[in-house]
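Which chain is which? They are A, B and C, in the order written, and residues in each are numbered from 1.
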Amino acid sequence: MSLPTPKKAWNWLERSRVGRSVFRVGIPKSNLERAQAMVSSFLLHVQPAKVSRRALKPSTTLGLGLISLYLLFILTGTGILLMFYYVPATDRAYDAMKDLQFVVSAGLVIRNMHRWAAHLMVMFVMLHLCRVFYTGAYKRPREFNWLIGIALFLLTLGLSFTGYLLPWDQLAFWAITVGANIAAYAPLVGPKLKFLLLGGNTVGQEALIRFYTLHVIVLPALTFFMVSVHLWRVRKDGGLASPDESADRVEKVAIPDLPTNKSYGLMELTRLTSPQVGKDPEDEVFSWPNLVFREILLFLLVVAVVLFLAVFWNAPLEELANAVHPPNPAKAPWYFLGLQELVSYSAFWGGVVAPAILVTALVLLPYLDRRKEGVGQWFAPERRTANTVFTLFLIVAIVLTVIGSVFRGPNWGWVKPWAQPPAATEGH
Amino acid sequence: MTEEKPSRLYPAFIVLGILVSVLTGAAYYRDEFRDWKDYQRQFIREEMRRASTPQQRQLAASIPVQIRQIVLPDLRRVDRCTTCHLAVEDPTYGGFPQPLAYHPLHEQHPFDKFGCTVCHRGQGHATTTVDAHGNVPHWDQPMLPLRFIQASCGQCHEASDNPAAPELARGEQVFETSGCRGCHKLGGVGGVIGPELDRVGGRRSADWLMSHFRSPASVTPDSAMPPQKFSQPELEAITLFMLSQTGESITGFYASMKVVPSAVQGRHLFQQKGCIGCHSVAGKGGSIGPALDDVGLRRKPEWIMQHFRDPQSVTPGSVMPRFGFNEAEVLALTEFVLHLRDQNVALSLPSLMSPVERGKEIFRKYGCAGCHGQEGKGGVPNPNAKTGEQIPSLVHVADGYTRAELINVISLGRRQIDALDPKRPQPPLYMPAWGGTIEPAEIADLASYLFSLKPKGDELGF
Amino acid sequence: MSTPIPDKTTSRRNFVQLTCGWLVAAFAVAASSAAAVRFLVPNVLYEPNLRFKAGRPDDFPDGSVTFLEDERVFIVRQGNTYRCLSAVCTHLGCTVGRSEQGFHCPCHGSSFDEMGKVKGGPAPRGLEWFMVTLSKDRHLLVDKSERVDPDKYLVL
């Protein structure tokens, strides 16, 4: 009996009863099928059947949110693999890291990918936040999605922070010691919070297992849940924020309170931004294949970048954690260095008040900013004040981080990074 | 079809809600109200009652109600006994009813370094009374009855000659003289008919052990071990010794006291290091160094100790090498050398003994008496054996065997024992092959000893 | 298919039942959440005990400053008063050593006087003093969880 040709095999997949039970729509060949493919697929139906051309342009959002999501996928995949070798015990964690580095096939590359993807994700989540701000995409009706985004930002920081301890080397141990000490500066609850976080008074076995549990299941579960809500809200809020949508149209929705006995009656009761009424057909294209294919391309790009970094630069692994040999200076992870710089001036004002004000401002932003202009536009002139204020904060944050990173040396004193070889205690 | 009314389900909602709440409350109650909290409050009340100044009263009132534990990473355990036994270090609670009684004799083994269970056994993890005392399923080490407490000393210290644990030393002595090793290995030395005893103390309780000694077949069906005829004190002593054999490996700090510096240990070292090669005792030995018989009269103990540490420092030009003894060994050797005038000690050096004397020691060491009786007199039952349903006595081996034949039997053993009645089960006890365990030189000495057992003037032959 | 339609006018009984049901459910949820949070607070620690026995009072000669390596403290005796000073530098946690007029940290050069106050170097504050009491069996009992002022000491 001869082997089936690829064409025959493909036909079988598409047309046989077995094939059709799994893939309800084959490769779409008509517009109807293109729409059906999106709507009938579990994974794809997070996307609408059609998107505006504007949404396909890279300059609209720079794809920052998607990049963050892809980095999360890469982190989850590499993270799960790493879990097969890593042991969260103070007498075994470091050795497990060395094993991954030296004896596990692809261990070095996978660990490197995990580390670089982690740093990139923190960076890209921050960039995504900036993009959403600068395009005014937090305004009504997207306020709640902005809040979810803030929550995701904090979850990302939490994931990075909890993961930072796991290698149990000097870098990990002291970064977390500094971080936990900063947390303890919170008034009233600070020391209790530190005790709960560490499971004791010192960074030891209890802290390691708590951080591990948070890092591999608690925070990822919360993150995936919130990401799902975040993406769902993007759809329900009318897709990517665009200058074409006006607030009035949103206003026009009147939810009828007459019961209907149609099965899609529920859909009629939601916001009328979808299905899109009154939009030109030329403005829209089918998600399959235009959007989906671009998303795949972007994923490949992200993987390529992470792989590139992983192949040519090793993630750091310093000496085994040693509680009696603090490095001087002991630095927090880079995304907390700005905070550490502030703390060096005042523990309370810099370590507690400043971040509290920052988070509160971010949370209240969409409710305080009721102006409707500039949605979906980069650096809209109507939003000059808001953009300027935000940019100032951004510059201050970057400057503080840079100071903490390269201009601070032993005893947190000033150093000229060009005058001497870079200190081995640079945070990565 | 009737209309759906959710309100029909409301009563069920309430009932289930109440059920869940009540069960949550029950779970909370079970978790929150623990025995140990009652004992701690009792202790606090007692402390407050005893307080005579407001300062003391305040100190007593501020005692927290919390679990107390002693973490012992080197002993791989954590003991929470002090959660209830709060007054163990306070002499003023001597004789107070448990669990608040004082624990005397803890100066040598402070609680924070030794905990409790390493001596008393029991389940240190537990915080409920029954579980902590360990008489529960799936816990191998229940608390030792107090009369057997010296068994625990044997885990870290050598059993013989520990002045603080005479019962343990007694138990070891009973063990060695009863010939248990003839069938059982302990510390790698012994016969193979019965199981090895290195871990028996960790697996069996005192009651089981005592029943086993009195009637093995009653606790171990099909046991070939004959019932042992111990007096009650001997029975308790050997049970205690067996309880000390837990097979636990003791690490570092705790093993450093294994050698209680004593004359007996000194004798081991003296033999091991070959001191007799240069020094003489009771006229036997080398002549490079001085005779040691009266060194205790001539030199102070401090001098002798320093001499062991560094001979050249007290005797310039001495050719005695530095052996690198640790302090315990220095003490042990000094003790031994000071007691050399005691004849028994001197003559117990194997290199100074005659073959018959050495053979007697080997007879004892490998437990031959366990099967062949004390001094080879026999009398140990071996059901259905042709040799009078007993293990043969050795008193007349000189008549029945040549030297070579005797050495052969000892080395190769005799697996097949002729049965009296072929229809009955095979005799359970046999002669193991000792060739792999006992050195040829030792077997030769053993043969000499056995030949010497024949009563003088007895010319009866087989 | 008929869809469930709540009556516009719910009876009082229904209202009470529903409210009770939700109250009880809320209580159950609150209680479980409280239990979960309490679960996360550790009751025992595997760290070295902060309260320890330093030895008998007579083990320390008059006028001595004795370093206890495992606990990283100094026991200071003057006459019949006993104090305990932390040997952990307040800068970054290195162990300080004795110097002529007090203590000195080898790591970054902080120096402290006899009473633990900062004399120089990067240390932000003085060395800590811990509570010393006498245990029931007459040993010095140090409690590193209780910080005290240097003018609080044990008098025998």
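Assume a residue touches a chain if its C-beta (ideal position, glycine included) is under 8 Å from a C-beta of that chain, and two chains touch if they have at least 3 such contacts.
Because the structure is predicted, anything quoted here is derived from the model rather than measured.
Asker: Both subunit A and subunit C are touched by which chains?
Answerer: Expected: no chain.
Asker: Can you name the chain whose C-alpha mean lies closest to the mean of all the C-alpha atoms?
Answerer: C
Asker: Indicate the whole-number Å distance between the mean C-alpha point of subunit A and the mean C-alpha point of subunit C.
Answerer: Measuring from centre to centre gives 37 Å for this pair.
Asker: Where the CA atoms of subunit A average out and where those of subunit B average out, how many Å apart are those spots?
Answerer: The separation of the two C-alpha centroids amounts to 62 Å.
Asker: State, to the nearest whole Å, the distance from the C-alpha centre of subunit B to the C-alpha centre of subunit C.
Answerer: Comparing mean C-alpha positions, subunit C is 42 Å from subunit B.
Asker: Pull out every residue in subunit A that's touching 2 or more other chains.
Answerer: Counting only residues that touch two or more other chains, subunit A contributes none.
Asker: For subunit C, give me the residues that contact two or more of the other chains.
Answerer: 46
Asker: Could you pull out which subunit C residues touch subunit A in their complex?
Answerer: Those residues of subunit C that touch subunit A are 3, 5, 40-42, 45-47, 50, 91-95, 107-108, 122.
Asker: Please output the residues of subunit B touching subunit C within their complex, sorted ascending.
Answerer: 1, 3-7, 10-11, 13-14, 17-18, 20-21, 24-25, 27-28, 31, 66-67, 69-71, 78, 87, 89-92, 110, 112
Asker: Can you tell me which positions in subunit A touch subunit C when the two form their complex?
Answerer: 195-196, 199-202, 204-206, 259, 261, 323-326, 328, 330, 410-411
Asker: Of all residues in subunit C, which touch subunit B in the complex?
Answerer: Result: residues 2, 4, 6-7, 10-11, 14, 17-18, 20-21, 23-25, 27-28, 31-32, 35, 43-44, 46, 48-49, 52-53, 135-137 of subunit C touch subunit B.
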